[in-house]
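Once you scroll down, you'll see the structures, which are given as structure tokens.
Okay, so subunit A shows up in both of these, paired with subunit B first and subunit C after.
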Partner chain A sequence: MKHMTAAFCQYVLALLAVLALNFLLIHMMPGDPLVHILGEEGYYQMTRQPPAYIEKIRETYQLNDSLLKQFLTHISRALQGDLGWSHHHGRAVIKIIYPRMGWTLLLLIPSVIISTMAGGILGALAGGSPRGWMDRILTPFFLLIYSIPGYCLGLFLLILAFHVDALPMGGMPSVKTDMALYMMMPMGVLVLHSTAYKYMIMKNAVIQEIHEAYVMTARSKGLYDRDILFTHVVKNALPPFITVVAMHFGFMMGGSLVVEMVFSWQGMGTLIYDAVISRDYPLISGSFMIICASVILANALADVIHGVLDPRIRSGNRSNE
Partner chain B sequence: MAFLTPASVLETGPMNKHSRNWKEGALILMAAALPGVSILFFKNMDIANALFSPWLPPGDGHLLGTNDVGQDIFFQLISAGGRSLMVGMAAALTATLVGTLTGCVAGYYRGIADRVIMGLADIFLLIPDIPLVIVLVSFFEPGLFNVIIVIAMTSWPGTARVVRSRMLKIKEYPFVLNARSLGAGDGHIIFKHILPHTGELILAKATLAVASAMLTETGISFLGLGDPCQVTWGSMLHGVFAGAGLINGYWWWYLPPVLCISVTVMGFNLAGFYLQKGWGGNFPADSPLNRQGQIPGKTHPEVPALTGINPPVLINNKDTQTLAPEPDTLNPISKPHNQAPDTQPPSFPLDRQIFRILNLGVEFGIECETNQKKTIKALDGVNLSLVKGDRMAIIGESGSGKSILFLAMLGLLPYNARMSGEVFFRGKRMASFSRKHYQHIRAWDIAYVPQGAGNALNPVIKVGHQISERMRIHGSISKKKGMVMAARLLGQTGITNSHQRVHYYPHQFSGGMNQRVLLAMALAGENSVLLADEPTKGLDDKTKEDVLNIFLKLNREAVAVVTHDLWFARQFAKTIVVMYKGIILEQAPADSFFTAPYHPYSKALLNALPSQGILNPVIMSSHNRYAETDPGDKHGGDSYRIDGGDDDDDDRSNKKNKEISRGCPWARECEEFHDRCRHMPRLFSHNIHKVRCWCHAAGN
Partner chain C sequence: MANIFFKKVREIILCFMAAGLLMAGCSEPSARQIKGPGQTLRVGTPMKLKQLNPLADYTYNILAMLLTHDTLIRLDENLRPIPQLARSWSANKDATVWTFDLVPNALWHDGKKVTSKDVKFTFDYLGKHDPAHAWIPSLIKEIKATPGRVIFTLNHPYSRFLINAGFIVRILPQHIWGHIMTPRAGETKEMTVGCGPYLFAQYDRTAGRMTFQRNPAYHGGAMGVETIEFYLNRNLDIITLSLKKGTIDLYYKYASGFPFPYLRGLTGAKNLQFITAPSMGISAVLGFNMAKKNMSDIKFRRALSLAINYRGINESLFMGKGTLPGSGFVPGTFPQQSKQPFLKQDTVRCRKILDDMNITDKNGDGIREDVDGRPLNLMLLARCDLEGHDVVTRRLVNDFKSVGIGITLKTADLSTWIAIVRKKEADLILFRTTPWGMMMGAGHGSGYFDSRREGGGVIANVRDTTFHHLCDEILSTTNPDTLKDLYGKMSDYYARTLPAIALGWHPVIYPCQNSYPVPPVNQIEGGILNRASLKKWGDAAIFQAGASVK
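Then we have the complex of A and B:
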């Protein structure tokens, strides 16, 4: 349990750090903090109002209080889901983010699952016989894929789609039955790119495990190589692999923002882009907070899975490490 | 909190390999960076901003055509490339400096600084970098400088983690401890002693950081969030997107930046990977899972054949006796009439022989710090038969090659071992077995008790499952039934409450209990031959007796045990084999051996038993006779004999060393040392004893 508590504290700290960063950006930037609270459009609207009204707004956002008090209010508001009001959209930030996050996760979660399975299995097979045919073919291929930026990969696909004319050039499906067709390309890019990374992680983890003494013990029992690989070796390589997969989730999140732009997918990526263009600060920082929170949550989840997979962590005893 | 950063997973392998990668990787890095550096010279060309007609395809005057406002794409590409590279390198440099510094402080001083820095690094690693960069860039003024700072902020933790973990490793090296004991200051130790050993790692991380910084920068500019006044590859792509270049099919507009970004990022990534671990990685060419049965003499042609400088004393095999030089010139004692063939004619009918080992040699090729290949001999000219009904104990000190012998019999030698000689199992040549055949005999015929040290048991699988695995191969038994049978076996080895304890994991057991789990594992399936490696190691006297009783009650065709434990050997064995430095010194029936051993080494062993009261005076007053007769012997003191080609400078002394190192291995400690002992004696048959000592040559 000690491990779990430490991990939990870490995630809470990370969340606090994100909130603090947000707060700092709003209040420490030169100029009126109200610009960053209301967004450029909101601020512009406000400046046309009589001064008494402006003062009232300052009161509502407690800008005359001490910074510490403001910070605490900022945290408590964020934790209650109050991320501010977007004047550009005329709605609460959380309500704008909610459906868009759904679209992003629709792309992201299947990609994470598929790439984890594919990368894990292929990596384990290649790691089980280094310099075997699988290793020889897959390693250069995935190295190549991994080295090309995700959105460049997306552009290549888009160019291909443009000439082949089989898949839609991005955008959102008008009917639900078309969903798979529209998801194909952005998801393909995400899956390919992160499979490449996870393949290499799994391969190296398996190669490290293969020289452990228990592999010899398993072989001395006459088990088949493939059984040893998947029951004994992968079971040991899995916990660190899961941690890396979770770490990569944040990277994939960022990557998906850019890939969404390539394929005009109406998720968080396009939302943030529009928010930045229209200087809608509450929406920018709200989106950032939600993204960070989901990444932190994914890591916390991975820690729990890690604990389930590794009995040494489960019982809080890592004497064998 | 054990976060595995990507790099710490990718970074593996021994230190010495890095020195090689260092030079080659630096070359590749320079090749990757050279175009970029040359681009820097013309980054402020006016021609990049001159306007021509829009959307001109490649051709006259414009190498790559023009874009929507009529700028020449080729010149744009060059000036943008310089900027992209500059941003990437500047960000990577900053991140590497910060990361190295913080990593050094955290790894060297530990304590509070370590906790704070690593805590911060973990938090930064949790925050996804592209969203963070977007937010920061949108709050700050857009500009390349801000982009550099922000990218550096998000990428230092990776470097810090790697540098820290390397620091922790190097800190414990003898030369650092030496420097500290000489009173060197912390700064001196860090910068003069530790950082030089981290250089190639930092360079690798920096190279990868350039790639990821360029990736982030082009991503941001592609989104149109970069500096609007400064063209980079990313913002060129943004222009294509904004100007609908893709849909109109202006391929000369979008293809060049896409290719440039991909190739450059790939170049830096590949250079970084290479710096980290070489192209194929530091991993051995062959993994245990991949290895077929060893083919003697064929597998490793680069190894010099066992015919060294002094063949007749190296190989005691009648096959090679034709290679022997004239006896008079080299070895006056080993006259032909004296050469009893070492390989005895089968003393039992062939069908009773389970194992027949002929002239088995096992060598390990290792690479030492100086990158020179050395060979360690673990077994040399071993001849042994294991017959039906035999209970054999192989005794000797650590490092005498006993365990390797078992591994060779199981076909489980490590990947870097080279085997010579033959092993026959039930009359069949094991070298000819297929992998499947090996698996079959390990599953059905030979059971093996590995040594309990390290994780011989899989740490994440319940012991019950590990015990019952072989029974589940034998017949399709359910997991549940397997557990019940495992509990019974575990109970037999003296573990109480075994029905609950089969559900435990190895870390919940003590070392001695794990040892008994390993024994239960070997007993499962009732294989006809049992090979046990130190089954009593780490057990107290009571449990030792339990284990002995199990062994005595075993109804197996043959049992062989490797042990340090002379008490156990005496109680259990019918045949005793004494090994020393990979060579069999004596083989005898247990009764006769324990009453009257022949070999001086065996005598010393028995004298060292606590029950004999006092230590052997010979061992206590051991002095180096070779030191008197030949001061040039450097290798003799090693527990393994190392035959390497390292001291080429003095060929003669080298030759002499080899000659002496191939004499009787016990000679330097022996009471009855004689000049003949400079040469390896044969295994002389002496009634029921077989002994490798010149003292007993006459009796042959």
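Then we have the complex of A and C:
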């Protein structure tokens, strides 16, 4: 419990740091903060307006207040879900991000689940019998997959889709029933890439465990190797594996942004890319905040799972090791 | 226990594989599906749509011009004005009073009648509420709307009113926009209501798919193609493969043909035809900041123009399909210009000019020093978001270096590029001109150079009163003979003073499924997708219907 409370405090602090960075991003950049809020073209058009109008806009964004007051307002608004207004989209940032985040998570969550299961199981099997046939086939295969950048893998799959008529070439469907079909390729890239990484981690974790004394004891008791692997070894290899899975969530989030670009998937990747190109600062900072919060949340979740799997963590006493 | 677990996993994997095989075997290839008698035109585009607001969103503004909103007049593929919402028009001799007679049967998409009051309202409203139309109150003194007729009285002569106002301003319904006080803030579906030949039907934001339906009550007669589907925000790899596979009919991006580097990917596609036209825009232009030292001297600019390997740029940027550019800047597609010699690389002459200007390599480090003894190092500003400009900058850097001119390269996205140009920091500015951009201001590209103009992509580098006077003269006459003479003088001016040089003249190439008859190319409307082709392709639909029945 003590450990959980400490971890929770750390995550809250991390979230506050993200909020502060987000605030500084706009307010500490050189020049008028209004340029970063309205975008250069919007700002340029605004400068043609009478000074009273510009002053009104400044008041709307509370730019005449002290920096501390602005920061506190920023935090209070962010906590209420108000991430500002995108002049490029003519809508509230949260309303733009909300559906896009949904599409990214639709790709990401199944990818995390499938790749964790596949990487975990295959890695455990390969690690359970080092230099066995599974290790000899899967390790070079996953090394190859992992060494290919995500976007390249995406392009290979696009070519595959060109030749296989059943697969759509990117984009998203109008009819929701077709969603699975459209998800197949971008998700395929994410799953393959992530499985390769998790396979390596699990394999190495299992190899380390397999030489422990308790494994020999289990063998001497007459247990089958597979039973030892899945009932004893994997259980002990899981906590570091889960930590890596959680840490990797952030990388997958970044990777999914590139994959979305390749497949024209209308998630956060294409949204952030457009926001950067058009200098839509409220949208950039809003996306930055949501993505950071998601990664922090994923890590917090991993901590909870870690605690459930490892009683030593739950009790906050690791010295029992 | 572990064995049971393994069996389960194996079963699941086998199920997935079987399902995949079934899907691959049973699905009909979408390219081969007969979608009916060709009623739906499928257009793939990398353009992105952020809001359904023709005033606030660039992409929707283009689609409104193309499909949903009428303007007073239209320009045909040869840049001749043709009737649209105005059936006829006239101007007085000095181009200060313009009269438009409107078609009597135009209706808004919601069924209300289009009146001259709507036209007056549009200009008044945009001038008052939209900063992008700040030119309206400074140009137009008075607008009189009488039944079926609108009369514009201008503050000063303006011969290009037909183009820069008659064509550019999409007429808006007063009964809708009259209630919207901040036209750029947000979107509503009623903002899509126009009086054009297509009705906005649906926008699926998730799928990035936008649909327009033919307007049967269009005053100019219903269009041929019944439905147009835009597949927005598609990357070029997907568009290329989709064209080849036949899942989209054509590519559209305003002011651009199909990018040359991707054309290779379409080579050998038997289902495609390639429609080619000489471009009205220029994909790579090198502008000179004449406020800078050395740059203000025409001899120096001439020397720079002689250092460039135009053939190499043509090979790299246009796959060798372009031609040498003329020193008169404006491509041959524009009428009324005088012929000027082509620009060619001549490094011997270039070196001699620089030597004669006492710009020589005094310390032997390979870079020339100017008359004050400072190394000649020029800042070249380029955009990182333009196709092929990275290759052009590399070539320019090498070409200039070979004659002893050092280059500091600065690449930026559009907004940073604009900011740097406005600060007049760069010596050399690499940019592109669009077909519409070439029509801006007094036309023939003058809008890019006239220092009295402001705008996003202009370099406003010519402060010369001779040039300003020439632009003003063009704007103050409607006499075709006088205009021809003045545009000839403008080409002479460009060739004589070199405010900027085209790095190549080139064709624009539009791939399109070959089941469609060859369409007319209207670059001002964006290429092969234009109102004339939409009419023509209707007949193709009938043809396809016959073919599919067979």
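FYI, the second predicted complex is superposed on the first by the 307 of 321 C-alpha atoms of A that agree within 3 Å, B and C clash if a C-alpha of one lies under 4 Å from a C-alpha of the other, contacts with A are read in each partner's own complex, and residues count from 1 in each chain.
Here, a contact is a pair of C-beta atoms (placed from the backbone, for glycine too) under 8 Å apart; a residue touches a chain by one contact, two chains touch by 3 or more.
As the structure is a computational prediction, the values presented were derived from the model and not from experiment.
Steric overlap between subunit B and subunit C is present once the structures are superposed on subunit A.
Judged by the touch definition given at the top, the superposed model places A:Leu13 against subunit B, while subunit C stays out of reach. In the superposed model, A:Leu158 makes contact with both subunit B and subunit C.
Once the two complexes are overlaid on the shared chain, A:Thr231 sits against subunit B and subunit C alike. When the two complexes are overlaid on their common chain A, residue A:Met169 makes contact with subunit B and with subunit C alike. By the document's definition of touching, neither partner reaches A:Leu106: not subunit B, not subunit C. By the document's definition of touching, of the two partners only subunit C reaches A:Arg91; subunit B does not.
In the superposition on chain A, A:Ile305 contacts neither subunit B nor subunit C. Using the contact criterion defined above for the overlaid structures, shared-chain residue A:Gln266 touches subunit C, although it does not reach subunit B.
Of the two partner chains, neither subunit B nor subunit C is touched by A:Leu63.
Which of subunit B and subunit C touches more residues of subunit A is settled by the count: it is B. Subunit A residues 155, 158-159, 162, 169, 224, 229, 231, 261, 277, 279 lie at the interface with subunit B in one structure and with subunit C in the other. Of all the residues in subunit A, the ones that touch subunit C in their complex are 39-41, 45-46, 48-49, 87-91, 99, 103, 121, 155, 158-159, 161-162, 164-166, 168-174, 181, 224, 226-227, 229-231, 261-264, 266, 270, 274, 277-279.
Partner subunit A is touched in their complex by these residues of subunit C: 1-3, 5-6, 9, 23-24, 27-32, 48, 50-51, 53, 56-57, 131-132, 134, 184-187, 204-209, 231, 233-235, 237-238, 241-242, 244-245, 247, 385, 413-415, 418-419, 456. On the subunit A side of its complex with subunit B, the touching residues are 3, 6-7, 10-11, 13-14, 17-18, 25, 29, 36, 128-132, 143-144, 146-149, 151-152, 155-156, 158-159, 162, 169, 197, 200-201, 204-205, 207-208, 210-225, 228-229, 231-233, 235-236, 239-240, 243-244, 247-248, 250-251, 253-255, 257-258, 261, 272-273, 275-277, 279, 281, 284-285, 287-288, 291-292, 295-296, 299, 309-312, 315, 317, 319-320. Contact residues of subunit B toward subunit A in the complex are 1-6, 9-10, 12, 119, 122-123, 125-132, 134-136, 138-140, 211, 215, 218-219, 222-225, 237, 241, 246-247, 249, 251, 254-255, 258, 261-262, 265-266, 269-270, 273, 280-281, 283-290, 407, 410, 412, 435, 439-444, 447-448, 450, 453-461, 466, 469-470, 473, 505-508, 518, 521.
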